[in-house]
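I'd like to ask you about the structure that follows.
All chains are identified by letter, namely A, B, C and D, in their written order; residue positions are counted from 1 within each chain.
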Amino acid sequence: MDIKINKIGVMTSGGDSPGMNAAIRAVVRTCAFHEIECVGIYRGYQGLIEGDFKQMNARSVNNIINKGGTILKSARSKEFMTKEGRVTAYAKAKEEELDALVVIGGDGSFTGAMVFSQEFDFPVMGIPGTIDNDIYGTSSTLGYDTALNTVVEAIDKIRDTASSHNRLFFVEVMGRDVGYIALNAGVGAGAEEILIPEENLGKERLIESLKRSRLSGKSSSIVVVAEGDKTGENVFELKDYVEENLPEYEVRVSVLGHMQRGGSPSCWDRVLASRMGVKAVESLLEGKTNFMVGIKDTKMVLCPIDKAVKGKTDINLELLRVSDIMTT
Amino acid sequence: MDIKINKIGVMTSGGDSPGMNAAIRAVVRTCAFHEIECVGIYRGYQGLIEGDFKQMNARSVNNIINKGGTILKSARSKEFMTKEGRVTAYAKAKEEELDALVVIGGDGSFTGAMVFSQEFDFPVMGIPGTIDNDIYGTSSTLGYDTALNTVVEAIDKIRDTASSHNRLFFVEVMGRDVGYIALNAGVGAGAEEILIPEENLGKERLIESLKRSRLSGKSSSIVVVAEGDKTGENVFELKDYVEENLPEYEVRVSVLGHMQRGGSPSCWDRVLASRMGVKAVESLLEGKTNFMVGIKDTKMVLCPIDKAVKGKTDINLELLRVSDIMTT
Amino acid sequence: MDIKINKIGVMTSGGDSPGMNAAIRAVVRTCAFHEIECVGIYRGYQGLIEGDFKQMNARSVNNIINKGGTILKSARSKEFMTKEGRVTAYAKAKEEELDALVVIGGDGSFTGAMVFSQEFDFPVMGIPGTIDNDIYGTSSTLGYDTALNTVVEAIDKIRDTASSHNRLFFVEVMGRDVGYIALNAGVGAGAEEILIPEENLGKERLIESLKRSRLSGKSSSIVVVAEGDKTGENVFELKDYVEENLPEYEVRVSVLGHMQRGGSPSCWDRVLASRMGVKAVESLLEGKTNFMVGIKDTKMVLCPIDKAVKGKTDINLELLRVSDIMTT
Amino acid sequence: MDIKINKIGVMTSGGDSPGMNAAIRAVVRTCAFHEIECVGIYRGYQGLIEGDFKQMNARSVNNIINKGGTILKSARSKEFMTKEGRVTAYAKAKEEELDALVVIGGDGSFTGAMVFSQEFDFPVMGIPGTIDNDIYGTSSTLGYDTALNTVVEAIDKIRDTASSHNRLFFVEVMGRDVGYIALNAGVGAGAEEILIPEENLGKERLIESLKRSRLSGKSSSIVVVAEGDKTGENVFELKDYVEENLPEYEVRVSVLGHMQRGGSPSCWDRVLASRMGVKAVESLLEGKTNFMVGIKDTKMVLCPIDKAVKGKTDINLELLRVSDIMTT
């Protein structure tokens, strides 16, 4: 592609996550720095189809780096999943004279970007924004670190009351079909058990493990359950099973829910978002397209967007072991 | 009663709440200050029956003022509800040479204290520790202020994602059969609707109000639901009803649960706990018994413990009005 | 005064405090509720003089209840202290057809309001917004509760490192010439000493007390120093004095500074601000003027603004005693 | 070295940092898991010299993963810097039958470990615990992430009042002679200027840059100053210089101080500490010595302890550029 980039559109798409605003700010200000135009697209692909645009300059993004959510709002667009929808979207993009798109979102959003780019030879660049950390090609997605802190702070509070009452708590956390949040927040919160989709212990071993934990002198226990875990049908069914088999325990369930998606981003997520925004825009200016920006160790990297979508990162087995050792 | 008080027992009973540790610390140190003995009783009345005691001095309570939960643990005791149980408890108290009891807990715990005191002519003093704020004779109970902040911070996070997605959120909060937490946290979080047991709008008016709110230009809404509210059978049934009647909204439910019971106490709860602990011990030393310590405006007060148990504080109607005006 | 109120101006003046935005929101929405107009005045009295106004409606104050600072900005105006300045201000007010003024600020701001009201027979209503809690006629000012939590959280962190190293920490907190923040946050943080302007111990007794604390087995100590305290010339001079006289201690100084003025308001401050905003507007509508809105226990009250300015609340001696007992 | 490891001593040394307790817990529990003994050494090398030991088991470290500071306390030991001191230390270690030492601390502590190991052929393993992130061989030190969040939250609060008043704030942050905290927290907090020791702009360019920022429409500014920065003699002298040269600005100084060293560790720091503790003990069990445990991207690594001490990580120039672009 040899298009000169004069105007970039930026959107947030799919589930929102802390750090999205910081990334928007970075995209907008990097455009300003390089003296090209930047257009905010509201409500993701749906807003692109509807031409819901707003010209943005460096001042439009004042005081948003510390805000959760996304000032551009987010949505899932069924229309964009049709060829017709995408044709309209392309027409709107041309009408607005957009030369490239920065999409902040998760793998669903990247699939959309990839298809759009291929169909219309349109430059796109992805920034991974999801609390689930389930994207290949980056060690960390925007919002993941903040969500971990939110979960750990909530479990710290639950533990106060758990240890006051000799209770067993099941805490369900987000993460769709992967266990990143559960595993890391579980280790961080000192959970006695962590149930993740990647490793199914089975109900019987859960009971045995809880018995062992009680015998070892622990009077209360926290079990972190990933929402995608399949040990029980769901966390409430699991509670019933445990209460039947361990009648000495009073079990309580906490479903943390959408508070995990919000909150002021952690320093890590803000810095990562700022670096990713710069990298995304400057990569487009260098003529690159169809990549996702990522971080590996301390460095910014690019990953072909199709690999980001299709690739699978295996769960960190070392961390599972750490969890086992910590619950000795 | 004309007993010289040389040794005081202190316990936490019923549901735990932030500030209980600060109150224990204050009771222990006030005893030390007045050079009398203090004994910690573990697991409330059950520990009294079982003689689960620990001698405490000023250093035993170092570094607990900022901790949630209760280092003395808490429990509900079925045995203490029987005459036999209380006779054993009294025997243990005599054996340990306890001259008086400070009970930190809610109305159930105070009922126990009252009965115990009457049956055995034993000096007791109550400190109101519950997040629900449902005790007559004090403007604020220990843990209530902290719980309000916990709820408001959680809803702030939920609002981030609610406003990013044009969604309707139902947030269930604690409070047993009263609406203090729901009403105050609802106003504090800027909730669009607050459903409390004290004022049943009815489902139809909820739907109308949500429609009005949408027409007024609000794209997302938070509805705070007290756990004791009876607008729907429960918050999930309410969600179904609303989704049926307002199909344009995607409804999400968040049940905040036990995190509301824990966490480092707010400054208010720590100071209140410290003042109440001093007042409880010094009132016993002055020969008073069967009172609960409370706060009215900025001053410590005493309330006969039977009034504390039986009295009813009406919900603040002014605050309901404030909520209505704020959601104009 | 028998003026019909159709349009109210609202401003924040003097030092800002958490809860000011929540109060602005409440004033604006109460005006909307009663279908009268509301105008935001930027930068306090200076903005009134310059006619820096903005028409506000219920939607202008969306999503600010949880924000620190003030969207109307604040300033101190030298011009308004002159008769000439006030004449201009009055002319601007008339030009804008303002019928009354709600001033959110501290005693300096209220003095201005009082003079203005007297000179031009202009209806004013005050809302006490300052972290210092140094206003007569209310048990709590907006921002005070939030500032206490900020200070206590900071000292909790400092204590971590203090107890790891056997160190003595001097923490200077705000409060101008009163000791409310120091005394309450000091008790809340479990400080070993609290130095406030209202009660000067003298340096020698500080040294003795620190010696006693060390002998009692405490290996680290936190001393909270009100900025208005006169035990030393300032906190750094005090540090030098202590290090000279207690060479076994390494002393560290922390000046918390302006972070005490910001942050998301606590639930208490948000609810208080909402109630005060409603009360201020509705009192004006009832024909009242020259009052400050306050809270006594759980009820809204009005206090003549001149009493609010001139009155003095004595420091709570009971709390000083509590602090002494707690450091047994 | 072919010693069988049966008993490991663990200590924290130098300045404390959040995550040290989580690391102690991990070391203790990994020993328990492998059924070897673990001894806590109080107050770092000084406690080793004095034989200030405590046998530890899995239950000794309950409920400390979320606590700031260090339960083993920390200190700097002058005695250990002498050969004589180290000889005594070695004698005490032999007397206690310690086979190896895990030292949690910074480069000063590692230098001590290295010398001790060489002089007495004694197995040591280092865990990097310092908020400064100034250790070669790991991308992140324990406590660094938590300190960044503490700084960013404090600056968020300061910004509230800065933007309410059109003020310029200088915020001094820790970091000894490197600028990691300042640079990352500065970017995370959206600071207008970041002054670090690694890149001296000079006072004149600071003034120019602040002028430019004002012209671009910003009414308030935050300047983050690393404590090791040499733009001015210190932050107060810098304030005077700026006020002289930019009289339109009111400048305020905030020295965040030791609160940066404390607080409940972030999830990242807790997980990192847990992994490092496991790695340290298991590496010793595999016969390795004289290494420091580190993290590179998502993996645990070992770095020869002399390299960790002598190596230098250059500051991330990309991040400096990001900061420049963000303040467009």
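The rule is simple: contacts are C-beta pairs under 8 Å (C-beta built on N, C-alpha and C of every residue); 3 or more make two chains touch, one makes a residue touch a chain.
Just so it is clear, the structure is predicted and the values come from calculations on it, not from any experiment.
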Problem set entry | Maximum centroid distance from chain A, chain identifier (CA atoms) | C
For this session: Go ahead and note the Å separation of the Cα centroids belonging to chain B and chain D.
Result: 39
Exercise. When the centre of a chain is set as the mean of its C-alpha atoms, what distance in Å lies between chain A and chain B?
Worked result: 36
Seminar exercise, completed: Whole-angstrom distance, CA centroid of chain A to CA centroid of chain D, is 28
For this session: Mind pulling the residue numbers of chain D that touch at least two other chains?
Result: 156, 159, 163
For this session: Spell out all pairs of chains that touch, sorted by label.
Result: A-B, A-D, B-C, C-D
Problem set entry | Interfacial residue positions of chain B with respect to chain A in the complex | 12, 15-16, 18, 67-70, 73-75, 150, 154, 156-166, 169, 252-255, 257-263
Seminar exercise, completed: Listed in rising order, the residues of chain D that touch chain A in the complex are 25-26, 29-30, 32-33, 58-59, 62-63, 65-66, 139, 145, 148-149, 151-153, 156, 159, 163, 184-185, 187-190, 216-218, 264, 266-268, 270-271, 274-275, 278, 296-300, 316, 318-319, 321-322, 325-326, 328
